[in-house]
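As structure tokens, here come the structures.
What follows is chain A paired twice: with chain B in the first complex and chain C in the second.
This part shows the complex of A and B:
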């Protein structure tokens, strides 16, 4: 438990404990209800918004075919192809009916999100599940690493706020935080990948390999993951560093820290058990938000590093107006953000007795 | 003793030297993609289309037509390759009966599939029936078989056609046309879902691997190819998705790719960094044009349309495109020199086809009743004329500069033209739906000696209301005289004097009505790395998105510059 002196004011009796548990339970139910409603609203908005984007996928399909084959199809042939694909994609039905069908198939049909244009006849669900590990593996891991590094570094910089090194670190972190992640990525590709040839500059693994449990494949996978992860770690880590520094500075002015120092505790104990732990809670919330934002914001990293993740899939789907796939990727992102936020919200009362009491 | 020690020492040193030299020789063989010798591997950095499919080799799937893997280019062979003419491949010849209601196709005997099975008449007949049976599934190369019957004898297939059709053989020899498929692979398979996982077809390569994660397909040459005289030199071909151009530049500079398309804007840099990289310029077979929406006033007036044609400075477009020889002004019907048999030179001169003359344009506008009022041309209702000119940007400068030059010239004669850049999906939606005033487009499909594609799309069958999808040229053009000519052209033997006369008449109407105007012929920007392979030269009709690539790779020879 966080050693906040105010939390030790009085031990609650059994009735108070039951009431507190009931309140926490009600809070969890309320929070879960909000979660379900937000999820439904997001699905609904995503369904309609992508169908309002200009560009008919059937026309795009034929247009790309014309470009690829280098020939014009006669009108009759075009009509047959369009009719066939309109039927497959179910776009001839009225929009409300399409929406209901979508919900029915998605929730009662084993997460059937419809067919994809990007890799027709592969179902959208399969595409998302196949691409998801790349996005989760590389980007979520990099965000977690950025969080750990940034939080540790930020705590240290905040603690040593008056030192010259700390001031320099703040300047560097600020510069890195405002640098677009794609610039960092391009810099790494150009210098680390091509100029110094230290690490592979693109692709998920060496082109001649197939996924299998061999050291050659695993080592290739890991070395290819370093630069994209580093791009994220540098930029997001800088943000976490600055955030944690600010939290630490605000905590350092609290009375209980003065009290702890007055008790004669060592500076390290004060930092670890009093300052750091109290500054940590908002930083945990920030992590949940950043993980979600990173899922949405790292598409360009995947494209630059030629990674077969959800970002690349979304860009491909956008080019074809493959609304089933676009929608699925967005839904995944929304689901991830909402779920993480829910988990953090539900976990916060366990971490912090003040929040539990408020709940 | 001393002598023995010296012998031993020398022996050890000699052994060490031999080992080092052996190692050096062994290491001299550069390997790529695992264990492929670089000197035997041809690497193509392709521009994969958006539908990025690397594990399906099925061209019936309209949604997954894919030439990024190389399947279209080095494995899937056509009946005839058309690159400046018809070249026999899986078929040898065709012949029509007297009235053009029957065509006999002679197939190539002795061909085989890349899994070793023979390619026989059975496969041809199976494919014809297969396509016809699945026509309702929206598959390619099935529509032309409607109401057509066929019978086989020896190595000939005779097609009985419902009407006179002197162009039936185009279905076997144009770009992206009918080709037989192996019966033993496809029988019982659904053409819309089957992936043809082993990439079986008749080309000289077999599939080694294809990976959707890395977007890489590796092919290995087979020794049992049915025509040993046309066995390509590279033992391996690797087709991969090119990284984004900003990143791909480095790969080219290091010589990691052998062939691929790159934006002109970076080609100069690549070539200056790596002297082995050469431009492989060739003329794209699809000339560019501007289509006018003839339902939108004042574009419904042929004089107004011709006036706009006179405002197009094609030479300036070519100059601004910034690469010498990249864009050439074009006189139709053909790219290059017009073929006099199909071309009415007098009409071209009379209606100033491809002429840039702003003064003549202003005079024409005055004559047509679009006066200049307070510096602006007004329409028949007295309102200032304002038009949108739509274009897309795929990195070729000429695709964009024409609109700005046209707007600049139009402003000088008092017309407001607003260039509007569209993203590709929106473009492909608005174009067939007729949601434009002026739009840029390419015209594909003209074959040598038959410019039918120039006129066929102008039939009024395509003049559907705006908002409905139109085939052909989507400008909603309608002219009964042109319709009558098109209908005659469709059934006439293109080689006959009768057809040529019809073409000349149609050309005159087209020149006078200007439903669309020619813009330029464009060269493809392809770069070729001559460090490992030679044989490809400027001007060869390399179009790596068509089966013509199958023919071109036969020119490749090892560079011997290792």
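This part shows the complex of A and C:
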């Protein structure tokens, strides 16, 4: 971890550069291999969990249908319906065959995950693609904003660790960090949205508007997005602030920082080039760790704010016991979490000046 | 273990447990002698705060305070049972993976990483769809089963690093068998860390349970704090003016999380003394 600022002057020779480049390349290839394997394995586990849970989805489906129509069907009619559903799901085949069919359709058949029941006969794939931008939009924007705000604030209060103000900031961040994201969301909906009526707190945009490229629509979209994002930003941002503060403080205790100060460098240079830089790398790793939990939180936020994202889709699908759609959302989540983690891991060497200088 | 964080956290938690256990009987006997404040239809619904009903009555005509105090214990129970389940499973798997070497370890690591990335919320919802009648134990066990991978993930490297210490080599040379090594040499120094993970697991389970309730997919009929919050939100009790019926359960959840967080910080410092000195910058 300890960098050696004086070695910057010494240019590494060509051989060293090549070796380092090869090392980075090998790391990337190995990491990608692990990614593909984990992706396959996670999809497999999810598939079998879906099939092995007790209870027959067909009976639940039939029960739902009966309730929806408000009349009891006779036995023959029930048989026909069940047979039809079983055919759509392909659940009559033995499990290994179902699994192979599933993989074949999903990967070779252009992500064909079967028809949905939520909007029968629209394919599950189309539903997921239509809902995805909402989830990804809220998720990425709020995580990135939270990261930048948290990293900046954390660095600052770590640097000024002895001031009263930063002690207060630590207490506030701790309280915000332990608050569940949905409670923050509920608080924002109730107070900011309904009691004080400052910002809209339900739906993706104003009810009377149609999606189009007009200023009115876009501004409505943006104001509706503020509170859902804010819920995420407050909680995750507080976590990043505390994390960055701890990293800063441990970096500040290192000898090379004392040396940098003793050399007479300005406090700002020491903060920017010595302390911040070195605390940043683990802080980026922290980004990869929160991805999964934050995606879960975003699903809940969507439901609370009535946004047409994947979380809401999942809840709708669950009401109808639409297993194809539920499975597609789970697959998407697995894919998203793994891919985002991969991106962070691959970006890490680029951030580390010791690797970047050579590569 | 004279760590102030742990002591404050434990005191806070003990107070909450006392309220949870003694609260229902206390409230019904002192405030409502001879009545049944927790019964549906005992009172007129949605009464505002008064001396008689400190936080009003809920939509089912029950006393709000009574509902609140009787919701705490089920919430804590879910946290404890689920936390113990996931910590237990995770510690066993983490120890096996950390103690084994070579292929078995690689295999265990891949399995842990795999389960870790499977998003638990959708799967929990799936299971919720299948289970017709929820009870507290079923829910807790399921929450616990989904939490083990995190525990195993963090325990494994700790076991691995301990295994390489020279005192463990000494134990091996003096003829201790693997079980003795695990229970006598590896487990004791890891206990504060396991406590830390246990406390994190409790938070995770309570968080998940309340989250499920709030999006309307929780175990209906289980009187937990999450259920009270969700019910309050659906019945817009804040708009009616019954602030306490949402703020009290929300506050209680945050209070428990704060207490566990303090215990965590303390246990982390006990396990990792260097943390304290560096964080406090050599004060």
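Just so we're on the same page, the second predicted complex is superposed on the first by the 332 of 359 C-alpha atoms of A that agree within 3 Å, B and C clash if a C-alpha of one lies under 4 Å from a C-alpha of the other, contacts with A are read in each partner's own complex, and residues count from 1 in each chain.
Rule of thumb we're sticking to: contacts are C-beta pairs under 8 Å (C-beta built on N, C-alpha and C of every residue); 3 or more make two chains touch, one makes a residue touch a chain.
Note that this is a predicted model, so its numbers are computed, not measured.
By the document's definition of touching, both partners, chain B and chain C, reach A:304. When the shared chain is aligned, no partner comes close enough to touch A:133: not chain B, not chain C. In the superposition on chain A, A:186 makes contact with both chain B and chain C. In the superposition on chain A, A:76 contacts chain B only, with no contact to chain C. Applying the stated contact rule after C-alpha superposition, one finds that A:84 touches chain B and leaves chain C untouched. When the shared chain is aligned, no partner comes close enough to touch A:33: not chain B, not chain C.
In the overlay built on the shared chain, the residue A:267 is in contact with neither chain B nor chain C. Of the two partner chains placed by superposition, only chain C is touched by A:45; chain B is not.
In the superposition on chain A, A:337 makes contact with chain C only, not with chain B. On chain A, the surface patch touched by chain B in one complex and by chain C in the other comprises residues 54-55, 57, 60, 186, 190, 194, 303-304, 318, 321. Every residue of chain C that touches chain A in the complex is listed here, in rising order: 110, 113-123, 125-132, 203, 207, 210-211, 214-217, 229, 233, 236, 238-239, 246, 250, 253-254, 257-258, 261, 278-279, 281-282. Contact residues of chain A toward chain C in the complex are 37-38, 41-42, 45-46, 49-50, 53-55, 57, 60, 161, 174-175, 178-180, 182-183, 186-187, 190, 194-195, 246, 249-250, 252-253, 292, 295-296, 299-300, 303-304, 311, 314-315, 318, 321, 326, 329-330, 333-334, 337-338, 341. Those residues of chain A whose C-beta lies close enough to touch chain B in the complex are 54-57, 59-78, 80-85, 117-121, 134, 186, 189-190, 193-194, 201-211, 303-304, 306, 308, 316, 318-321. The touching residues of chain B, counted against chain A in their complex, run 33-34, 36, 49-53, 56, 61-67, 135-138, 140, 143, 174-177, 192-193, 209, 211-216, 218, 238, 240-241, 243-244, 246-247, 250, 254, 285-286, 423-429, 431-433, 444-445, 453, 457, 461-462, 469-472, 543, 545-546.
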